[in-house]
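Order as written gives the chain letters A, B, C and D; numbering starts at 1 within each chain.
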Amino acid sequence: MALDKNGIAKRIAQELRDGYYVNLGIGIPTLVANYIPEGIEVEFQSENGILGMGPFPFEGEEDADLINAGKQTITARNGAVFFDSATSFAMIRGQHVQLTVLGAMEVAQNGDIANWKIPGKMVKGMGGAMDLVASADNIIVAMMHTNRAGESKLLKECTLPLTGVNCVSKVVTNLAVLEIRDNQFHLVERAPGVSVEEIQAATSGDLVIPDHVPEMNLD
Amino acid sequence: MNKVVKDVEQALEGVESGMTLMLGGFGLCGIPENSIAQLVKMGVSDLTCISNNAGVDDFGLGLLLQGKQIKKMISSYVGENDEFERQMLSGELEVDLIPQGSLAERCRAGGAGVPAFFTPAGFGTEIAEGKEVREYNGKPHILESALTADFAIVKAWKGDTEGNLIYKATARNFNPLMAMAGKITIAEVEELVPAGELDPNFIHTPGIFVQRIFQGEKFEKRIEQRTVRPKE
Amino acid sequence: MNKVVKDVEQALEGVESGMTLMLGGFGLCGIPENSIAQLVKMGVSDLTCISNNAGVDDFGLGLLLQGKQIKKMISSYVGENDEFERQMLSGELEVDLIPQGSLAERCRAGGAGVPAFFTPAGFGTEIAEGKEVREYNGKPHILESALTADFAIVKAWKGDTEGNLIYKATARNFNPLMAMAGKITIAEVEELVPAGELDPNFIHTPGIFVQRIFQGEKFEKRIEQRTVRPKE
Amino acid sequence: MALDKNGIAKRIAQELRDGYYVNLGIGIPTLVANYIPEGIEVEFQSENGILGMGPFPFEGEEDADLINAGKQTITARNGAVFFDSATSFAMIRGQHVQLTVLGAMEVAQNGDIANWKIPGKMVKGMGGAMDLVASADNIIVAMMHTNRAGESKLLKECTLPLTGVNCVSKVVTNLAVLEIRDNQFHLVERAPGVSVEEIQAATSGDLVIPDHVPEMNLD
């Protein structure tokens, strides 16, 4: 069965390593914070100026001056730090953040990503996404495998305006985990109960399928 | 060096139609509410506004958009605003979208006398069109230039009479960077204290960057996305 | 994210001969005394040291010069040191002198992922030789590149277990910039406190930049120029 | 009579304007702080990271962590601020400092300055001088008119390695106040009792002498 958003987040959480500083984008990536594996300590950075982001505040304890990049009210953990936007992107551009998780509209088999603009429709802007994808060594995209029209979001080439080039290293979708290398998608894991054929059918880019494709372990 | 002005009217004296303004804040967090209200009152128009976001329909820079006072927005993210969308699609409003980190660094550069710098952000995208590309450490970078403004308008938590500022939590964001980059920098603060009351070790914006400071009359501090968890 | 190491020995593990080190401080103010003593003890040599100054004959980086552990100094001002002078004139020591503001900005750039930037400092002087010149705002600027180091060694006043640092008065100087630019950054602090004890609003160096932190055993904090006025 | 160092400092202090942020170099420039005209408020920046520098500390109250760029122990005034070296030079390079006063070995009539290196002799380094002279709009040089060998330090062209080009706007020496424009030294004031002829003799660069050259008023 294909994963829901929480399932995708749960699978991505397995990519966390002890000591990682992590930037989570808006949407599915935000949910990753709910599934930190036991025995692992990570610290969340939000590009509007906090390191050590905590959970949402208790009702009535919201502080308008304390938000994340999604403009949601949040809290600060013990040991948290606030800083300005230039320092924040110094952390990102300077590769001090070990893992970036973000959503996408399209990912190409060369690692290109498009997630900020649909020509002719409303343009909301790239926010920090272009800085994040251009800087990070370790970028995981969290998204549904196909769009609402049922078309594959894993393409030979992106059709939408790019956010960054050759930057995505891994994609986790509702159907599969895929690695990007040698200009191809490499199928690494299947969602529980999802067949290789389903994944192949939903993938428009070149897909390398090994002999054995294990199911994700989400327990 | 006393930088205190009487009120918001005096603070914004000299702001004229056609000028370039920088306005601090991220979303509605840390925006100079009192100054924005005054800009509406003054009715100045044809403004170029450099600000990470464009407010919401009825608050923040959205108020200036309603009055069609803005000619051009230089921002990184402008969602959350129907009037913005309408004006942009109709061609009434020019929009220059900039990666958020480049926007922050370009403001800092403007204040620091660094006219241009290389960054990897935006390479290979339409943002890089017409910009010089150079490879460093095996990775392409594009040349970005500094931003400055006729007036930078920032909002701080506390400030002293010399213009030294401190910000609270994530309301800091672009404020200290824009404070550096204004030909004239105006700071509105929640609390104005005498010089010597702020610890010199913990000032976020040294007063040298600030020309005018005043205590804002009222801060609504609207929350854009109220997310909470129930008390256990 | 606990960054605490047991002592200075553990903090400097992995520093090897031939490496590039950044060391914070201005004159003898805010230098990592304990780490320098440990470098002497370790006897590592052929070091390239990036530091605004080179200490005095018997303190600070002067101690490493005495042991001929430094191959190359990258600094802005190296007076106050006879042994330095001797080694430089005899050709034993390579010296790269950099305008102080460019040195500071190049360290910050190294930490911030900005590989190069333009600055007016040094145009028309021997510092600009071989460097690209470009005019901005009617004024020539030269292109300077980022600096990074295998290890950055900084000294802070207080630090917490997560590596968050605060500095005291003018002992801040180059420390926060170098902390950003080390592949591994080591912080020695006068006082190490548990996470949560430092106000998150007033951290000078966020812990993300620091890999190892320890409380220094002893700080001599020598004064270079004791200037006083008599009590009235 | 030619001025002493304090006289030079006193004359330069007349250039201070209310509200100026000022950077004073080591040596004679430091003394300027002792002669701030009444009714004027200025703030001193030292490039090692303080704005709002106060006088030397009382005996026994020195703090090793609180020094100026000359490495002297100092105090901080009410409203002072400490900052890092990058921020300090952001102030300088970004032209937020209104006046820079520094010493020189040579000044040329085109505004070039040399004050950091004597080839073959010990090289101490430029410290912040190159940033200061390249950035500031308003640079006053404080120096003796001639060197120890009696040779003029106001030259057609500098002979020593340059610190900066076309940057000095005014020179105050033990003999005179001179402005630099149109590639010439313009004599503006004489030290009390010093003749135009003495100044002319001590000046190697082109000197423009107006009909009337007033004496400095140092009262």
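A few remarks follow.
We take it that a residue touches a chain if its C-beta (ideal position, glycine included) is under 8 Å from a C-beta of that chain, and two chains touch if they have at least 3 such contacts.
Model, not experiment: these values are computed from the prediction.
The most distant chain from chain B is D, comparing centres defined as mean Cα coordinates.
In whole angstrom, the spacing between the mean C-alpha positions of chain B and chain C is 33.
Distance between chain centres (mean CA atoms), chain A to chain B: 28 Å.
Chain centres here are Cα averages; for chain B and chain D they lie 36 Å apart. Averaging C-alpha coordinates per chain places the centre of chain A 56 Å away from that of chain D. Taken residue by residue, chain C touches two or more other chains at 105, 108, 112-114, 119-120, 167-169, 200-201, whereas all remaining positions touch fewer.
The set of chain D residues touching two or more other chains comprises 76, 82-83, 86, 89, 92-93, 135.
This structure has the following touching chain pairs: A-B, A-C, B-C, B-D, C-D.
Contact residues of chain B toward chain D in the complex are 1-2, 108, 110-114, 160-162, 164, 180, 195-196, 200-201, 203, 206-209.
Those residues of chain A that touch chain B in the shared complex are 46-50, 55-74, 76, 82-86, 88-89, 92-93, 112, 122-131, 134-135, 161-166. Interface of chain D with chain B (complex): residues 19, 21, 41-43, 45, 51-52, 76, 78-83, 86-87, 89-97, 135. Chain C contributes residues 26-30, 52, 75-79, 85, 88-89, 95, 97, 99-105, 107-108, 119-127, 157, 167-177, 204, 221-231 to its touches with chain D in the complex.
Those residues of chain C whose C-beta lies close enough to touch chain B in the complex are 105, 109, 112-120, 134, 136-137, 141, 145, 166-169, 200-202.
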